[in-house]
């Protein structure tokens, strides 16, 4: 940097600027914070054809949503999601609310001509999801994009795993096994939040964790689950009520405890279209496991393994090598040729959880600019996951009997 | 060692010698070699009340069994297992043959007044196993011991895991998950051995690998499985015939291939008596996994994990610790206070697979000397595993419906 | 979010806003991008007493620095660092240039009354570093802050490790061993960049990687290195010239190759003030190791281990526990009680490399607001590291003889 | 096994029997037990040209050596090692005593015409080792074999690592780093055994652990260390006297403590003949590390890593693969094509520490039968290690100055 030059280079002609893409986000809790980070960062890292603008954030509590707007960098705040959808400066509606409001907001946004990104699971029921798919299809005909937020697809290790499988490096698939283990419900005195109430959350570990597992199984293999057999369990059936909890019951009541109406854990097995066997476990009762989304896929030519707690790594075994020198190799998925890595740091410099939201924003922006009206994962993909979850619940109710997933 | 002393100390009085315990072993393949190592070594490492003597080994092929006797250190060789049982110098009959001959040999040996150690799975059917239990109970009344060879119970890490659970370190149990993954059938040209024929092996991965998994689940938790739901699959349904294979078909036939009549893989879920959920997978089609018996158990106060490919280690998470400093710790199970370790090497010096057979021999010899007529795992324990396997097969045939395990 | 409410809450009174803190950054390559991310993000995640504003970015190439400003979100661009320092809207100067310009810029900025954050290593020589410390001390008397960018101190796992040691959980220290392994110079055709030229980089792996290792050793233990013994090596002594490389030689010359004038690798041992032994290795020639900063510290009461390639984890062994249940535990450093984690995601959700720059910005902003004029790591800390590196070079020149580090 | 055949096949002609090879072992503590296991087992597992016979064991205490003979299966017991050497039924003398008696016994045995296996380190001084090499060379002219017991060369993973390097899979070597960490001296009240007294042990961690590290570095690379720089330390300088300890001091004295006269830890760096850098650390003060012999070797074409606490695994990185799919692979060294594995269990079935002694016995027996008079590791190899250790001690005394290793 030469001390000789004195010119303020701001005086030069302005560089070409990409057209703006206004985003309006509904919800500002955990997912809202993560999506905000994604929207704020994506244009700073990736070359994009459109420039995302954090136009407005929406939520019911005026003070809280105003604080969230300031904290996360949104230009405006709205207390009515309909008003947010109606804004002229909003072209994309990003839905980060609990599952029971997804369908209403998404359908309204699509009908209002907006692109939509909707958090997973797509909906709390197959019927809602079907309505959303119908709205998305109608909107696609008008050039709108609708995407569901299965963010783990955007992990470089997962995207690279998909590439290896699509390239045939695993050959014919035999096994998929995925466990998603957390432990925040081990403590029986953890309170009764909305995530433990069926009317808000739809289901428990199944919809929250199992939905990711099912989506990853289908995304990675490129195949659909055709049937499942399931057991579910709620180990702790009553929990302390939250003060001001959504059930509306008084915390000063005789027991001060309320019913848990969703599953703590769900185990299911199934078959993929090719005949491969799949095994799933989703639980919030695995002491010591914080976010252990672990998967392994075995094929005739190789195997893959992944653990979300070590998300920069992918294990790959190439079964076509001589047995004497073969073994699971730990690929640090931080090379420039790995998915999403062209724009980040040098090899060996770890990415984190929130980068999935940056990558999701990148993919959505590019899809919008390219006119790709059914970007993966589409609402139809979200509906398919919902059908699997519904089949799981049906099987669990019917004594684990093998239950086909409707096509 | 003083160069001054010239006395040959062999001239001194003989030390007290423990009474001999003559062992007769039937079978001399993989299991025969491993058991031989156990019998030869146990008295060299552990203090025992009886001195095992490798009295006789039995097998059908005279030359082969004679060679096995020389190789493995057995004093005599027999080509008729009935003759072996009848020998006066045999007090323990150790059965290392395929499962279809277990019942006949074991019942005969017990009726002949011998103690019996029988390889797992106890039998190829529940009916056979029931007959064996009846014989064992009758023999117990005469002071005889009958044990089934679930050797993985004798791994120090597993025995220590059992101790931790029995001591309440995991609290109320929520989850048991066990996978036993191998890959020797991935190659579709692997030939049709007896292990792939139902009449000899009873079942495939289920009986071979799943039996270990079920036994460990029940041993470690101290609970029985009360019901299961299962899927099984045979991915490669025809394989090349072995020259001189047991099917008697000519290898020069039109196809030269025969039917695989057992499962390649079995997935099942279930419930333990306490209500804990359990998940199992046994397969020989997991490319890159050589002997991956992996288990994890989650309870309200802690969790445990183990991998047979790293058999000297146990992972333990103590959930009663503050979260800030808690985590799965890798216990190297090589301390003098760990089970079986009082007699081996200093801390950090690894044991191997075959040590399980040394430990099994130790426990059996001590049980015989102590007059413990139902040492764990007893024939009744083996029958219970057989009932679980039968329920798994029944569930798999009935579309995965939840199938109770008879008590 | 209630559809009934229609009020645009932007109409309400504005929330209280923290005073702005203008940042001017010099340099816009790898470090510039990482620091930008830190400055952009910090106020979105942490509660801060001052609001960082990305006021201006500086660099020599007008077009490039303008593009960097747009990409990374800086309001203005300057081609003269002196002009950048002089700006009224800049209160903090953040130096991300190669080491040979650190001293001049930092001293000028401090003399101009600005706070300074300077990338590591503090300087290319002890003399430069001493001048910087003098300037920092003079500035401290005026209430200015000067900090050196040893960003790995800001990793939650490292900060938590420091806390454990400070709390006495390791007792008297015996050993510190740190290796920092990369592999980008394994390829002999990797070109001759400025990092391989002594006049720009000062040293090679030693200053780039070894500086981090030395700082961490001293930070974690709270002790200084009192002497060192060293070997260094340049395995590949000539490399292809870059087109337009800083040496000014023509790439079309006879050989097209230039001299590497820094070390490829440095090994050194040393003693800490308490008498503990320390071992260091820094290399860019470790094939397969991308960013393997690995450290282990052993004390009388416990041990710690860390690997930058798994930066969310800390291994801790508590030697005061009974040996039977002791072992290195893997602490996932993502709990709310871990350093820096109060503001991020739920447990188990990984952070990445760049978060260190967010945390660094947080700590700097808080130090400025609090009037802490010598925040850790101070320029004096950076000078101490420089003295260690100089002693390493002196020892390497003097046949590895043990060389005291001047106090 | 057919019940029809009644013939006792013992009546048949005896099989051809290999000639016997009588072994006489001196010492019966830890190493004596491990060597006994090796001698007892080797002929039961491997095809050998000679049949080892456990002829006689020697030790000073008549009752103890008699008990050891019974326990470990030796036919006779001797209290004078000279008498043991003189026995006609002893062709191999196996020396398992502390280092201060190695030279006298080995030279006498070689002069008496016996083959010799001597535990490591070969001697307590270079002079002793030179005398042993001279005796071994004279004996070699008479067809006798002399081998030093660096048993870790016999680990399948290490032998396979050597093969990979010899095959050029790592290319030109850049780095060797080996740490051998134990923790049995962390407790300051651990007593003053012979291993902590210079006159018996020669040195501390250096000779006990460092000797293995140096041998492995040289064996694996096929190169010699040409110079070293070292720091050593004794952290706990006084320890409680053992009752009846070899120092002869009274345990009822004023302090009841004696001087530790060997190192607790030794750190050294060095250069291999090719110019590769090497780093070593040997310590008994690394809390939580039980037997952590860890090594990594980096070359231009690949890297290797190994950890004795996971001795069935070898990590290998092939740097000639595309970076996108490259990574350290975990090879489970249990395939039939791996060294020593042709005779053991199926893939995935772990071996343990003591198997190194079985393999050592195999290699020695085959060398004797083949007339290979300088089998690796020869006494000359042991002398070379001794010279490295002496150079380490000299460097440590001379302020870490780089000290050449005499050729």
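Worth a mention:
Labels A, B, C and D are assigned to the chains in the order they are written; within every chain, residues are numbered from 1.
Rule of thumb we're sticking to: a contact is a pair of C-beta atoms (placed from the backbone, for glycine too) under 8 Å apart; a residue touches a chain by one contact, two chains touch by 3 or more.
In UniProt terms the chains read A, B, C, D = Gfo/Idh/MocA family oxidoreductase.
Keep in mind the model is a prediction, meaning the values are calculated, not measured.
Seen from the Cα centre of chain B, the chain whose own Cα centre is farthest off is C.
Comparing contact pairs by residue number, the interface of C-D is reproduced by A-B among A-B, A-D or B-C, since over half of the pairs coincide.
The distance from the centre of chain B to the centre of chain C, with each centre set as the mean of the Cα atoms, comes to 55 Å. Taking each chain's centre as the mean of its C-alpha atoms, chain A lies 44 Å from chain B.
Inter-chain centre distance (chain B to chain D, centres taken as mean C-alpha positions): 33 Å. Among the residues of chain C, those touching two or more other chains are numbered 289, 317, 326-328, 332, 347. Residues of chain D touching chain B in their complex: 1-10, 12, 15, 26-27, 30, 34, 36-37, 40-41, 44, 58-60, 62, 65-67, 70-73, 76-83, 97, 101, 182, 184, 289-292, 308-312, 332, 334, 345-355.
The touching residues of chain B, counted against chain C in their complex, run 160, 164, 316-317, 322-332, 335, 337-338, 347.
The touching residues of chain A, counted against chain B in their complex, run 174-175, 177, 179, 181, 183, 186, 188, 229-231, 233, 235, 265, 267-271, 275, 277, 279, 281, 283, 285-289, 296, 298-303, 317, 319, 326-328, 395, 399-402.
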